[in-house]
Amino acid sequence: MTQHFPALLVTAPLLCALLVSIAGWLRPRLCLPIALVGLGVATLAATGMLAQVLTSGPIGYRLGGWDPPWGIYYFLDQLNAVVAAVVAWVALVNLAASHRAVQADYEDKQGPFYTLYVLAVTGLLGMVATGDAFNLYVLLEISSLTGYALIGLGPNRAPLSSLNYLFLGTIGASFYLLGVGYLYIVTGSLNMADLAELLKPLYGSLAVTTAFSLIVVGLWMKMAFFPLHAWLPNAYSQAPGPAASLLAPLMTKVMVYVMIRMMLSVFTVDFVGTQAVLQQAVGWLAVAAIVAGALFALAQRDLKRMLAYIVVGEVGYMVGGAWLGNRIGMTGAVLHLINDAVMTFCVFLAAGCIFQKIRGTAFEDLQGLFKKMPWTMAALAVGALAIIGVPPTCGFFSKWYLIRGGLEAGHWGFVCALLFSSLVNVVLFFRLFEIAFFEPMAEGNGHGDHHGHAPAVAIAEAPLSMLLPLMAAALGLVALGLATGPLVKYVITPVMPTGLW
Amino acid sequence: MKLISLALVVLLGGLFMAATADFPDWGDPASPASVHVSPRYIEKTMEETSVPNIVTAVLADYRGYDTMFETAVVFTAGVACFLLLRRRDPRPGPERIYRHQATGVIVEMRHKPAKEPAGEVFARIDDDWVPHDLIIMNVCRLLIPFIQLFGLYVIAHGHHSPGGGFQGGVILGASIILLALSWDLRTAMGRLSEAATGLMSAVGVFIYAGVGAMCLAMGSNFLDYEALGPLMFVDPVHARSLGIFFVELGVGLAVMATMVLIYKNLASEGRLDQGL
Amino acid sequence: MIWQIDLAVLVLVVICAIGALAVKDLVGASILFGAYSFLMCILWAVMGAVDVAFTEASVGAGVSTVFFLAAVFRTSRRSKD
Amino acid sequence: MDMAQYIPVLLTKYNYWVYITLMMIGLWAMIAKNNLVKKIIGMSIFQTAIILFYVSIGAKYGATIPILRHGHNGAHEAIRTVDYINPLPHVLMLTAIVVSVATLGVALALSIRIHRRHRTLEEDDILTQLREP
Amino acid sequence: MSLVHSIVPLLAVLVSLAALPGIILARGRPNLRETVTFAAAGLKLILVASLLPYLLNGQEVACDLVRVLPGAPLAFKVDAFGLLFALVSSSLWIVTSAYSIGYMRGLDEHSQTRYYCFFAVALSATIGVAFSANLFTLYLFYEMLSLATYPLVTHHQDAEARTSGRKYLFYIMGTSIGLALPAMIIAYQQAGTLAFSPAGFLAGKVSPLMAGVLLFMFIFGFAKAGMMPVHSWLPAAMVAPTPVSALLHAVAVVKVGVFCILRVITGVFGVGLLKSLDLGLAVAWVAAFTIIVASLIALSQDGLKRRLAFSTIGQLSYIVLGLALLSPKGMIGGSLHIAMHAFGKITLFMCAGAIFVATGKKNISEMTGIGKRMPWTMAAFLVGSLSVIGLPPAGGFISKWYLVLGCLQAGSIGLLVVLLVSSLLNAAYFLPIVYRAYFKPPSEAAWLEGRHEGPAAAWVPPLITAACSLILFFYPQPFLRLAQMAVAGLGGGQ
C-alpha cells in the first residue's frame, strides 16, 4: 500500500468529500466523522510519504499507469512531502476544531460545508503533490472555487468580498493557464520535469519570459502579493471561522509553494538568474509588501482584519526570500512557508475561538479577554510571538534565514523591512494584548478585587473541541521551531538546486 | 479608473502580442506542440485503448486524472451554489397562489394550507404568473424525451464520435432545465427532486473516483483501467475502453445533476419553490 | 480550413463580445453573450476541435446563457453601464 | 486543404492577435465595469478567449479532426501524426470550459447573494451602502 | 579547561518552569502555592550550587540540547561568569519569594497566582541567560525574560501600569529586535558560529568599522543594561509591585542586560579584539557618562523607588565600565559588582517595599523619622546603601576597590575620577535618607507612634540580604573566586 500513498493523499479526501455530500442528504450527523476519516487518511499518507521520502529519496507516481510526459505524474521530493504533511495536518486539526462553529452557524448545511472543506483540502494537497502543470490548474480551481463559496458564506459584506476574490482569483488562475499555454506552445509538454529539460535551450526567448511572468503574476494574485493583495483582507476577515482558519494559513502558502516549485523545478534557477531586472523589481516589491502589510495592519481596529494584513506582509517575506537569488534566502522562504502555515493557523484559530465566544473580534470587544479566556489568549500570544519572531517559536528561525539571505544578497532594504515588520508586529500584538489585559480593570480600583483570587469576570473559555486543537497548534509552533535544524538539513537543503549559491 | 485600467490592459495586450513573435506559425504542423507529446496519442490510442476518438481517450484515460478533478470542479460548483443560496425560510408576502384550472380564477391563500389543494382542480402558480403558451409547453414536452435520448447517445457514443460524459450530461441537464423553463420549476422538481440531484451529482463523481479506487484495490495504479480486465473478463485494451465508458457515465450523471442543481438554486434564489 | 470564414467569424466574435459588454439591458447582454459563445463554437468547429465545439455549444451557448438569464431574472435587469 | 501556401506571411499570427484582443476586452470589463453581472460576462469572455488561444495551438494545416478513421473489422490504415489535429489542447480546454462554467455558477450565486442583501448589483451603490451602514 | 557534560544546567533552568503547573493547580490554596514556589526556588539554588565544585576544579559544565541552527545550537555551558550570576539570582529568588508573600498578602494584591507564575518564568529565563553557551541561546532567554516580566511590571493593570508597560516593551523589545537581532545575524554571517569563546568568536573575522558598529548595536540592543540613552524604561518600570522591582529590576532583568554585555565583550568580541581596536574605552566612556548623569538625576528624585531606579542605572554602568576597562582587575571588579550590587540593591528595594506595606509611604520627603518606627528595616537600608555607595563594612566596597584598581591598571585616570565623583554622589543621594529617617524629628507624629515594622515576611528578608552584604565584605570568597577564575580563563584565552 505504501507505494500508493501519493494517490491516497489526494483521492482519499476526494472520495470522502463525496461520501460527506451523500451523508449530508441522508445522515447529516455522519458528515464530520467521514470528513475526519478522509483527512485522517490523507494525513497518514502525507506523513508516511514524508518518512518515505526522507529515508529513500523522492518518489514518483504514474496516475493511470501512463509514463510521465503522456500521463499525469506525481513527483514528490522533500519539498512537496513536507508541505503536503503540513497542509494535511493543519487541515485535519482545523477540521477537528470546526465542529462547534459549524453547528452554531450552518447547522442545516453541514453536508455541503464539510464537502467543500474537504474538497478544498483535496485541491491544496493535489497542487502540492502534482508534477503536471495543467493538473495543477485544475486542482487550483477546485480549491479556489471551494474557497469562494466558503468565504461567501460569511455575514455582511462577505459575498462581495468573495466575488471580488473570485474575479481576481480567476484572472490569476487564467494568467497561470495562459502561461502554461505559452510554455506548451514552445515546448509541447505539460510535465514539469519534462518542461524543465525542454526549456533549457529556450531561455532567451521572449515567449518563455512572458510565460514565466504570466505564471508568476497569476500566482501572485492568488497569494495576494502586494500590490495584488486587495482581495485578501476583506475575504479572510469576513469568512466563517473554520473557513478562515483553513484558507488563510494554507491557500497563500500553497501558492507560494507553487511559485517556488515553478522557480526551482520548471524554470530552474539558471533561468530565474538571467532575469536580473525582474529579480530586483520583485525584491523591492517584497519590501513594499512587507511594509505595506505592516502599516495597513496598524490601521486596523479588528483582530481578524489585522491578522489578514499580517498575512499580506508574510507573503512579502516569502516571495522576497525566494527571489533573493541565494540559497539561504530560498531556505528561509521554504522554512517560512512551513512555519507561517502553522502560525497563521494558530492565530486565526484563536481568533475563531474568540469569535465563537463573544461574536466579534473588534478591538473593543476584546476587553478583559485574558481573564475570560486565558488559554485561548495564551495560544494567541504564542502565535503572536511566532509572528513577531521570538525564539524558540518557529517564526524566529525562518526570519533568521530570511535576514541572512538578505544580508548575503546585500539587499539591505529587505533586511530593514523584515526588522521593521517585526517591530510593527510587536506593536500590533501588544496593543491588542494591552486591551485584553487591562480594560476591565479600568473601571475598578487599581488594586483589583481585594481577595486575591475569585476573578471578577467569569471564565468563559472556548469549548474543549476548539481549545485542544488550538493548544496543539501553539505547541506545534515551538516544536517546529526546535526542529528547525533537522528540517533545514534533511528537508530543505536536499531540494536546493546546485545552481543556487 | 476606467482610463487607467484601459491603459493597463492595452499595455498588457501589447506585451502578449509581442511574445507571439516567438511562437511557431499558426497551424504549423511542425510546431513543438504538435511533435512532442501529442504524436503518441494520435499513433497509439487505437492500439492502447481501442477508442477512435482521441480526445475521449486522452480525456478519460491518459489524462483521466485531470478529468476526475474536472468533474469534481463541476460538483464543487453545484455544492457551492447550494451552500450559498439554498434557504428554507418561507418567502415573505402572499403565501401561495392557486389557479382554478377550469375557470382560471386565481385564489390567494394567506396562510399555508394544511393540505395542498388537489392538483386536478387547483394548480399552484408563481407570484408573477403569466398564462403559459400552450404551444411552447406541449412542443417542449414532446421534445424533451428526444433531447434526453440524444444526451444518452452522446454519452454512450463518445468513443466514436464527438461527445462524451460532459456534453451528454449537459444535454440531459438542459432537458430538465427546459422543462422548468417551459412549464415551471415545480414540475421540473417533481421529475428530479432536490435530494436526487444532490445525491446524483455526488454519486456521479463517486463512480469516477470509485473506478479509480477499484484499480487501486486491484493492486494497480490509480485509474489504471487495465487492472479491471480480470473483473470484467476482457483483455487490457478493452478494459481501458470499458473503463473510459464507466467514468464517462459517472461524468454524465454528475454533470447533469449539477447543472440542474445550479439552475434550480439560481432561478429560485435558493427557495426552490418558484422560479424562471 | 477556410481563412475567410475564420476571419469573418473572428470579427463577429469581437463584435459580440463588445456588444455584450456595452448593452445596458442585462437580458440583452446575456443573449449577446450566448451569441458570442455560439460563434466561438463555430470557430472551434472550423479549427477541427469538434469536442470542444460541442462542449461550448452545450455549456457556453446553452447552459451558461440560461444561468445568466436566471440570475438576471432573480436580480435586476437594468445596468448602469 | 492545402491552403497554407496561399496565406500571406503577414497573417500567420493574426489569430493570436485577435485572441489577445478578446482577452483584453474581457479583462478590461472585469476591472472597469461597474455592474457585477457585466463583470461576470467579462470574466467569461476572458476565459473563453484563453480557451480559444489554447485550441488554436492544436490547429494544424492539412489535418483533420482527431477522430481516427477506423474500420470495424479491426483493419486500421496507417496512422500518421500530420493527418490529425493535435488532440491534447482540446482535452485541456474541455476541462477549462467546464471550469469556466463552474466559476460562472459560483459567481452568479454570489451575485444573487449580494443582491439579496443590497438590492442592487452596481458596485458603487453597494460600496456606498457599506460605507454608511 | 575541561568540559563535563551534564544535564544539571538544563534542570536548573527548567525547575522553575516545572513549578508552573503546580502553582496553577494550587491557585485556590495560597499556602500550598507558595510552598511550591519555595520548593522550586530551593531546588534551583541546590542545583546551581551543585555545579560549583566542577567550576572550582577547573572544569566547565556543558549541556547541548537541540541543533537548531548550524553553529548555534540551543546549548548551555556553565563557566565561572555564568555560575556567579546564577548563584546570585537563584539565592536571591528564595529571599524574594519570602518577601513576596509578605508584600503581596500584606497589600492583598490581586492575581497573585499569575504573579508567581511569571515570576517563576522570569527566573528560568535568568538562569537560562546565565548558562547560555552561545549568543542564540542567550537571545532566546533574553526575550523570554522580557516577555515574562511584562505582566509583572503591569501587575496593577491601571492606567499608569499601562503607560509604563508600553514604555518597557517599547525599549526592551524594540532594541532587542531592532539592534541586537540584526547584530547577532551579522555576527553569525561573519563568523559562522555564535558560540562564546574566550577569545571571542568574532576575533579576526570582522573589519574594525564593522566591529565598532556591531559592538554598539549589541550594547544598546541589550537595553536591559540601562545604558543611556536607552535607560528610561527602568524608572518607568518602578510601578511594579516592589518585590518585582526588587528582584527583577535590581537583580534579574538589569543584571541580565549587563550580563549580556559581559558576554558580548568577553565571548563575542574578546578582550584582545576590543583592546586592539580601542573600543573598550569608548564603551567605558558611555558608561561613565551614564554613571554621572544617572547619579545626578537620582539626587533630584523624591520617590524612593525612582531614586533607587536611577541609582541602579548608575550602578549598572559601573559594571559595564569595569568590563569595558578590559584590564583583569577591572573585569573582576565588574563581575563582582554584579553580585555585590545585587545584594545591596535588593535590600534597598525590599526596605522601600516594607515601608510601603507598613505605612503606605512612597516618597522620601514623607519618611522623616521613620527610623524610630521601623528601626530594623532602616538598619537594613543603611547597610544596603553603604554597600551600594561602596563603603566598608559592606560588600560593595570590595567590588569598587577592584574597579578602582582596574582603572589604575588600565591607566585611565579620567575614569578613576568619574568613579570617585560618582561614589560621592551616591553617598549624597543615599545618606540623607538615612539621616532623615533616624535623626530628623518627625513632622507629623501621629503615624509614627511606637515600633511597628509591618508583616515579618516583609522586613526579615531585607535584614537577611543586608546581613549577606556584610558577610560578603568579610568573606567575598565564592564570588571573588569565581570572578577571578572567570577573568583568568579569559586571560588564558588571549
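Here the chain labels run A, B, C, D and E in written order, and each chain numbers its own residues starting at 1.
We adopt the following convention: contacts are C-beta pairs under 8 Å (C-beta built on N, C-alpha and C of every residue); 3 or more make two chains touch, one makes a residue touch a chain.
Because the structure is a prediction, the values reported are computed rather than measured.
**Q** Determine the shortest chain-contact distance, in steps, between chain B and chain C.
**A** Minimum number of steps from chain B to chain C: 1.
**Q** Using only alpha carbons, which chain's centroid is the nearest to the whole structure's centroid?
**A** A
**Q** If every chain is reduced to the average of its C-alpha atoms, which one ends up farthest from chain E?
**A** If we average the C-alpha coordinates per chain, C ends up farthest from chain E.
**Q** Give, as an integer number of Å, the spacing between the C-alpha centres of chain E and chain A.
**A** Chain centroid spacing, chain A to chain E, equals 42 Å.
**Q** Approximately how many whole Å separate the CA-defined centres of chain B and chain D?
**A** Each chain's C-alpha centroid was found; their separation is 18 Å.
**Q** Round to the nearest whole Å and give the separation of the Cα centres of chain A and chain B.
**A** 32
**Q** Just curious, how far off is chain E from chain B if you go by their C-alpha centres, in Å?
**A** Chain centres of chain B and chain E, defined by C-alpha means, are spaced 74 Å apart.
**Q** Could you check chain A for residues that touch two or more other chains and list them?
**A** Each of 134, 138, 141, 145, 148-149, 152, 159, 184-185, 190 in chain A touches at least two other chains.
**Q** At least two partner chains per residue is the criterion; list those residues in chain D.
**A** Only 14-15, 21, 23, 27, 56-61, 63, 65-67, 88-90, 92, 94-95, 98-99, 101-103, 105-106, 108-113 qualify.
**Q** Two or more other chains touching the same residue: where does that happen in chain E?
**A** Nothing qualifies.
**Q** What are all the touching pairs of chains?
**A** A-B, A-D, A-E, B-C, B-D, C-D
**Q** Which residues of chain A touch chain B in the complex?
**A** My answer: residues 4, 7-8, 11, 14-15, 17-19, 21-22, 24-26, 61-66, 69-72, 108-109, 112-113, 115-116, 119, 122-123, 126, 132, 134-135, 138-139, 141-142, 145-146, 148-149, 152-153, 159, 182, 184-190, 198, 205-211.
**Q** Please give the residue numbers of chain D that touch chain C in the complex, ascending.
**A** 1, 3, 7, 11, 14-15, 18, 21-22, 25-26, 29, 33-35, 37-38, 40-42, 44-45, 48, 51-52, 55-56, 58-61, 63-67, 85, 89-90, 93-94, 97-98, 100-101, 104-105, 108, 111-112, 115, 120-122
**Q** In their shared complex, at which residues does chain E touch chain A?
**A** Per the stated touch rule, the residues are 27-28, 30, 66-70, 73-74, 104-105, 107-113, 136, 139-140, 143-144, 147, 150-151, 154, 156-159, 161-162, 165-166, 169, 173-174, 177-178, 181-182, 185-186, 188-189.
**Q** Quick check on the complex: what are the chain B residues that touch chain C?
**A** Spelled out, the residues of chain B in touch with chain C are 27, 53, 55-56, 59, 154, 162-164, 166-167, 170-171, 173-174, 177, 181, 259, 262-263, 266-269, 275-276.
**Q** Can you check the complex and tell me which residues of chain D touch chain A?
**A** 23, 27, 30, 36, 39, 43, 46-47, 50, 53-54, 57, 88-89, 92, 95-96, 99, 102-103, 106-107, 109-111, 113-114, 117-118, 126, 130
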